[in-house]
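Next come two complexes built around subunit A: one with subunit B, the other with subunit C.
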Partner chain A sequence: MLIIKLALKNILGAGLRTWLNVIALSFSFVAIIYMQGLYNGMSDQMEKIAIEAEYAGGQYWHSSYDPFDPLTLDDAHGKIPDNLHTLIDRGEAIPILIRAASIYPNGRFQNALLKGIPPDQKILSIPSGVLENGGTSIPALIGGRMARSTGLKKGDYLTVRWRDTNGTFDADEFFISNIMKTDDSAIDNGQLWIPLEKMREMMDMKGEATIVVLKSGSRFAENAGGWNHKNLEFLMKDIRALFLTKSIGGSIFYIILLLLAMLALFDTQILSIFRRRKEMGTLMALGMTRGTLIQLFTLEGAIHSVLAAVAAAIYGIPLLTYSARTGFGLPESTDDFGLAIGNRIFPSFTGALVAGSILLVLTVTTIVSYLPARKIAKLEPTDALRGKMT
Partner chain B sequence: MKYIALVILMITPAFLFSQNNPSPAEILKKIDDNTISDSKVVISRMVIHGRRGERTVRAKTWQRNTSDSFTEYLDPPREKGTKMLKLGDQLWTYSPSTDRTIMISGHMLRQSVMGSDLSYEDMMEDPFLSSLYEGEIAGSGELLGRQVWIMDLTAKKDDTAYARRKIWVDKERYLILKEELYAKSGKLLKQVDIHEVKFIEGRWIAVSATYKDVLKEGDGTEMMIESISFDENIPDYIFSKASLRK
Partner chain C sequence: MEKLAGQNKKKSFREPGTDSTYLIKTENLSKIYPIGLTTLTALDNINLAFVKGDFAGLVGPSGSGKTTLLNILGSLDSPTTGSAVVMGKKVETLTHREAAGLRNHHIGFIFQTFNLLPVYSVYENVEFPLLLQNFSSSGRKKLVMDALEWVGLADRAFSKPLQLSGGQSQRVAIARAIVKNPELVLADEPTANLDAENSRNIMDTMARLNENLKTTFIFATHDEKVMRYLKRIITLNDGRVAKDERAAGEGT
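Let's look at the complex of A and B:
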């Protein structure tokens, strides 16, 4: 208790030097929490968007389907197994048929993916209801990115050419029934969503699908006759790996900030030990052991981080709360990077994140404070009293 | 004896008539006989009309049994050395700039060849009209100063690339002077117009034609044959993947 009191008295007595260190350290606190919160927010947002628009409660893939290998797409279709069919009939899953096609927007040739979806589905956030009424033409729903890249607008007609299940060419006019605004480029870029039954008819693939999407929260994971179950853990793997990499990359920024703060603290400790030799000699003469003296100096350093946490809380809490509410605006071009984030990132600050950051800074500060204090172990009281350092 | 004489008398006009008016199947067979050979070596020129002007690509092609072919691009310098090998239903391209051989399959087959109106899948098509289509003579007419039959062809099997074709066939030379390729829905997809024909090594050959993807804007792609020789003895090594890198 004595050394705590003594340490507090000493560092408060140091005045400006202490507060400069505390402010520098508090910046590190806020920066660490903000950066990590930003990455957490991005990751949460991407996962949420992907779940709502693509994955819902997990997917079943046709055995030949590999989304990263477009060459497999021609063979990736088949009859839906009975147990998945039962889920579809109960409204707990939806089938999606995916095929490659060629489109001719404004007379230009472009490759595209045709995706057949039941218009009345409610499992994914895709506004497929607009596909209910297409009149005589085939209604198609496209995303904003696709609309921009092709120059298509709502109400336009588009010539689409495809090959049916036998490889025979077919072509027809599609009517752009709506342009959806989506943050998920994976359901947008180069894709046309059309009514599933119409697509099955066009492709001569009655009752077939490429993937089956399960309802959110579904725990269904039965074996489905050669169709592979992909749970959210698997489907999110790439997003999580991406953010782990981003987070590691981003940590370089606050590591530098932390290093600068630690350098300042290290210098303060060295200076403090040098200037307080007589004080150390006196304390030793009065019976304080070297170990206690080391503890005192280490504690003085560590208290800097406690004060920094308090200072960070004073200006950091309102700042971070505000940023969590209003979000962080992204430039227009971010949309083209293929990340399903949206126009704003909303940082996400959790208790674990704050506690982890405090623990990290406290530990690093304590270590940095201890390193110069080790010198005291070699200190002779008589030399110290005379202002000498051995 | 009287009976035989009567039969001969009856069938003679029919025989003579069939010589002048062969059946659609016979016409298709004769078209195939005229165009298809065991092997051929062709030097061709392709003029591609793009949005930013036109460019000409020259190539030499060795072809064997209609199923295998090897093409080496000669011009322009940017494309020189690019090679393409087709063995049955498989296709590879080799690019000297990257020194890589790529197998073209799946969606890549839909891509255009050198920016032309031809896609790789057009090159993969089976050329035998007589085995793929049933024909019907829809009429007669004149094209390029030649008397032609206008024929509607319907695919015999479900797995034929084009469900329907319309061809204009020279009545005397059994050469297609114009062709329209249709989708299953009846939409016109591609059109081929012949501009010039030549008699080479006992065959009538279209030496200048325009190939047009009708769904695309533009003037199509002109194809010209600079030289062609049939039934050449082409060594087997030409049709190997190893020759792509040579």
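Let's look at the complex of A and C:
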């Protein structure tokens, strides 16, 4: 209790130097929390977009399906197990059939994925309704990125070649019924969404699918005749890993900021211990032990970060609240980074994030304050009183 | 003032086998500093004893070892050889922590440069030794104000040291040294930074304390004005005791 009082008095008495450190440290607080909040917001948004457009309440995969191995796609289709079928009939799941195909936009050959989706589905945010009545040609829905890379426009016709279940080649003209703008490149690049029943006919795969997507919030997790249940935890793993590496990359900025603040504090501590040795000698003569002196000087450094947290709260809370509300606009080109984020990030500041950041800075400042203070352990009272330091 | 005197109920902590007639006793005490490849003998075989109520001064030219001896008696330093028994404690055997405890409870220090803590008020400076002793806050207040009255600065309790003159600063330092009613006060050149009038003033104060509370004072000084107050003058020369004499009487 005594040393807290003394430490507070000493650092408030130190004036300008204290405030410079406090301000530098408070920048670190706000920057760390802001950056982390930004990444949190980013990750939240990426997850939200992926859930809305791809994963909903989790998926069942045909036993041969492996999204990372296109060669398996040939075999990755089969009759939908009964219990999943019941869900589909009740509107609690949708089947999707996935097959490789070749397309010839403007006469150039290109690989693509055909994805059959029930046009009337409501489980994914894909605007499949536009596939309802395609007339004589097969209607196809593509994303904005796909449209840009192929040069296809709404209303264009496109030659598509595929192999049916028996390996027989077939081809037809598709009609681009619409181009969807989506933040999720995973439902966009190289893909054509077409009506499921039409696709089953083309492929001679009556009643078959590659994956079944569960309605969001679904608790269903039963065994389904050899199909593999993939819950959101699993499906989201890649996004989370991606977010983690991005966030580590981004933290270099605030690590530098933190280091600069620490350097300023370290320097202050050394200077203060050097300049105040006569005071230390006096305190020792008055009967203070070296251990208490070390605690006192360490605490003085650490209190900087407590004051910094207060200062950071004064300007940081309004600042961060404002930025969480208005978001952070991204330039158009970020679409091409492969992050499905949308064009505005809304930072998300959780209690754990704020508390964690404060704890981090507090720990680091305490260590930085303690290191120079250890010198006191070897200080002789007589040397200190004479203003000498060895 | 009576309160200050009456507060003397300290636990006895005299080590067995030490002589209780003396407050301080040194035996063949030497202090030798290594200087490069050679050594410097700052104190050479000092044998001195002090009793309760002494008002003594170590005098001698600069470099004669006054500060070194005072520091050892104050347990801020320890002898290279020989022994210094201070209030029953062998200084040379004390741990750092025990020495700090001895100083905190039983020894007051007064320095040439006052050594007040600049960020604290006069009151807080005087209060400091009591805080280290974990005194209750009501107990502290009484003792601090008593001590400030002794030195005539009760009205400056809430000034900062920087607002005080040298003489006032040294009086605050005296209040800080005596607030815990120590058996021993050690004053190293207390008047060296003061003019004649202030020197007389603080010497008067300390003489009064010695008279009324029987606090033992040991000075290190080469100031004639101080010497006139001393009841006992110990002359050091090159680290040796050259003379140890009782003075005829107090000066004015």
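Everything below uses one rule, namely that the second predicted complex is superposed on the first by the 389 of 390 C-alpha atoms of A that agree within 3 Å, B and C clash if a C-alpha of one lies under 4 Å from a C-alpha of the other, contacts with A are read in each partner's own complex, and residues count from 1 in each chain.
Keep this in mind: a residue touches a chain if its C-beta (ideal position, glycine included) is under 8 Å from a C-beta of that chain, and two chains touch if they have at least 3 such contacts.
This is a predicted model, so every value here is computed, not measured.
When the shared chain is aligned, subunit C comes close enough to touch A:Lys9, but subunit B does not. Contact with subunit B, but none with subunit C, is seen for A:Leu73 once the two complexes are overlaid on the shared chain. After overlaying the two complexes on the shared chain, residue contacts for A:Asp120 are found with neither subunit B nor subunit C. Of the two partner chains, subunit B is the only one that A:Phe169 touches; subunit C does not reach it. Of the two partner chains, subunit C is the only one touched by A:Lys278; subunit B is not. In the superposition on chain A, A:Asp267 contacts neither subunit B nor subunit C.
On the subunit A side of its complex with subunit C, the touching residues are 2, 9-10, 12-14, 278-279, 281-291, 380-382, 385.
Residue ranges on subunit A touching subunit B, taken from their complex, read 70-74, 100, 102, 104, 106-109, 111, 159, 161, 163-164, 166-172. Chain contact summary for the complex, subunit B toward subunit A: residues 105-108, 110-112, 155, 158-163, 181, 183-185, 187, 189, 213, 215-218. In the complex of the two chains, the subunit C residues touching subunit A come out as 71, 74, 76-77, 96-97, 100-105, 109, 111, 113, 115, 117-120, 124, 128-129, 131-134, 176.
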